[in-house]
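Residue numbering begins at 1 within each chain, and the chains themselves are lettered A, B, C, D, E and F in the order written.
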Amino acid sequence: MIFVTRKMHFSASHRLFNPKYTDEENDAVFDKCNNPNGHGHNYYLEVCVAGEPNPETGYVIDLKILKRIVKVNFIDFVDHKNLNLDVPFLRGVIPTAENIAIAAWDQIEPHVTDGRLFSVTLYETENNFVEYKGNR
Amino acid sequence: MIFVTRKMHFSASHRLFNPKYTDEENDAVFDKCNNPNGHGHNYYLEVCVAGEPNPETGYVIDLKILKRIVKVNFIDFVDHKNLNLDVPFLRGVIPTAENIAIAAWDQIEPHVTDGRLFSVTLYETENNFVEYKGNR
Amino acid sequence: MIFVTRKMHFSASHRLFNPKYTDEENDAVFDKCNNPNGHGHNYYLEVCVAGEPNPETGYVIDLKILKRIVKVNFIDFVDHKNLNLDVPFLRGVIPTAENIAIAAWDQIEPHVTDGRLFSVTLYETENNFVEYKGNR
Amino acid sequence: MIFVTRKMHFSASHRLFNPKYTDEENDAVFDKCNNPNGHGHNYYLEVCVAGEPNPETGYVIDLKILKRIVKVNFIDFVDHKNLNLDVPFLRGVIPTAENIAIAAWDQIEPHVTDGRLFSVTLYETENNFVEYKGNR
Amino acid sequence: MIFVTRKMHFSASHRLFNPKYTDEENDAVFDKCNNPNGHGHNYYLEVCVAGEPNPETGYVIDLKILKRIVKVNFIDFVDHKNLNLDVPFLRGVIPTAENIAIAAWDQIEPHVTDGRLFSVTLYETENNFVEYKGNR
Amino acid sequence: MIFVTRKMHFSASHRLFNPKYTDEENDAVFDKCNNPNGHGHNYYLEVCVAGEPNPETGYVIDLKILKRIVKVNFIDFVDHKNLNLDVPFLRGVIPTAENIAIAAWDQIEPHVTDGRLFSVTLYETENNFVEYKGNR
């Protein structure tokens, strides 16, 4: 088994808050990330597919095809968007890195036909990142 | 003369549009960056000071002091903020990388007491960056 | 389960040698790293916590809290220090990347209250790094 | 158990095509990578060894030794080479990242005497990489 | 004046040799880079334009437009190509980083209509790069 | 004119203090960097040479030769060393980044025979760096 990864990029804004919390609770929990007018990030998403190389091509999955799957089903929905307001599959979700990674998995996983989706890793900054392997 | 640089980070959201333009004109010029709900970036700012090393300390400027000057006069105003709505010194300014760099210069330059501010370089993404040397 | 990682930095000096070895043996094994006056590195430590996102916050662990745990229990002891002489929990330990990573785990693990510590990865240089998952 | 990684570099050219395919099939599958005169990459190879630190040295494996093993058995064969024409152990193999990683494993694995080879990760570009753990 | 930079990428192969040299001379001068079957790199090109920000847009030059200029006039000619054999404007040129940078300048400069081309910087590897400012 | 740069690496330890200062003054000025047992860094040095490409080779200076000049005259003296105690040309110098860069210039400049040394840039960390162009 080989693990093949494609890294992609998007820029987005978000605000972290729980509408069931008071303003004080949101400030206490989310601090600067609760700025009402939002802030933003250059996100990087690493999408990893596991499988056997096809002996005809030497590919587990053609990365051009994986790139297109990720673009059409995820990046096009979030790039240059406000993650609280603009993204159908994040409606009602607090857009933490954890929840964005789960959403990325759910958007991408059904479309991977060669090999199977093994993990998605989302970098919110150089110093903060999360990995999800679909094991809910 | 030695050029001493401190690199710092902030995360912010913005929307690029000219209020004098029609919606169609804003879309034509600013494209995805004109999303009404905004998007965002992890910005990196490199602040470069030129001067002679002090023979007593070996420093052109103590980078702890430079870091504090940049934090108090610029980073604290823009980090985890919406650059269109939250920043007094960007009011009425289209927050392109060019204009943010000019604003950073204007905010930081008067406070540099050892050496003189030589340049500010602002990275909006890994692939897009601007440099300003104050020569207006 | 989600894996959440915070990357942090410290600068430190060290010398690699075994006091039970002769000078010749230390030179043969540790080579340049056995310089008696020491040398140093910019170390990066990635601390990974595994757990379920809290449905109220969307966080496995608030990274501001994780950052503080790592700072107070590890970084403050090693940053701008000599790892052979200044660090209580490294006394008598050869400060290889392997042994520093084990010490980081032992210092941090008891303090992680949301989720559980999954791994620590220590970069000594861009090209050399070690990972430890606590499985002694 | 500790996982110790050494990252190394080589520059090489290659062409992706299957000699059993027609030109049209090769173009359809390999696209730009099928350019008859080839193209190339700066490859990075991360070689990870798993084991217990030796209590005498604090090392799982001396990275100077690991570096030498990787250099002599792999890097010297591929650095500044054409992967289709110049490399005995890639003869008849389509030099995709997947197949190069498998070849790296096979070249390096028998020579690791302290600990055991755990994984090889090959970066073809910053955005495309594959990992192999020997589990054929 | 503001300096605006767009970084772009291409992958290519090349061989360094002077057809007027003997094999021995080529080996002595170009060493590993003289491998007859070639080798390759992931090149990065930073294209810097200098000018005044347009007060209507805040842009010196729209980076989407600069990206297109660089793509159409340079990247499309060299990406996934053999620099010795496939590129009309490199015919008869030894494809060192220096000469590729000069060719990039000559290809791009006439097409920059907002501001003026200030420099091109070409990274052959992380450790080797050249800058050209057109001052022949 | 073309500017050709080679980036190199060394690991070293240092302590910042002025022997003419009291302990209190050294603490006030140099803070954590005044730790008596020292600390350390992974330093990166970029050495830039300016000149015309030789029409026979396409090189301003063969980077293999530049690498050797920098290694023999600078890196070999500082790599895996204590910059306060082990380096003849830093004796009596406070080893700030500024002073190390000046020393690097003085060590390297006389040996550059093709083109002329244009600048040395020393990175102490990712966020702190200095550039020197020899203009004393």
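Following the convention adopted for this analysis, a residue touches a chain if its C-beta (ideal position, glycine included) is under 8 Å from a C-beta of that chain, and two chains touch if they have at least 3 such contacts.
Please read these numbers as outputs of a predicted model, since none were measured by experiment.
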If you take the chains that touch subunit B and keep only those that also touch subunit C, what is left? A, F
Chain pair with more C-beta contacts, D-E versus E-F: D-E
Between subunit A and subunit C, tell me the centre distance in angstrom, where each centre is the average of that chain's C-alpha atoms. 28
Using the touch definition from the top, which residues of subunit A touch two or more other chains? 126
What chain-chain pairs meet the touch criterion? A-B, A-C, A-D, B-E, B-F, C-D, C-F, D-E, E-F
For a test of understanding, state which residues of subunit B touch subunit A in their complex under the given definition. 9, 11-14, 32-33, 35, 37-42, 79-82, 84-86, 125-126
Touching residues on subunit A, where the partner in the complex is subunit D: 1-8, 53, 56-60, 62-64
Subunit F touches which residues of subunit E in the complex? 16, 18, 20, 29-31, 93-99, 101-102, 126-133, 135
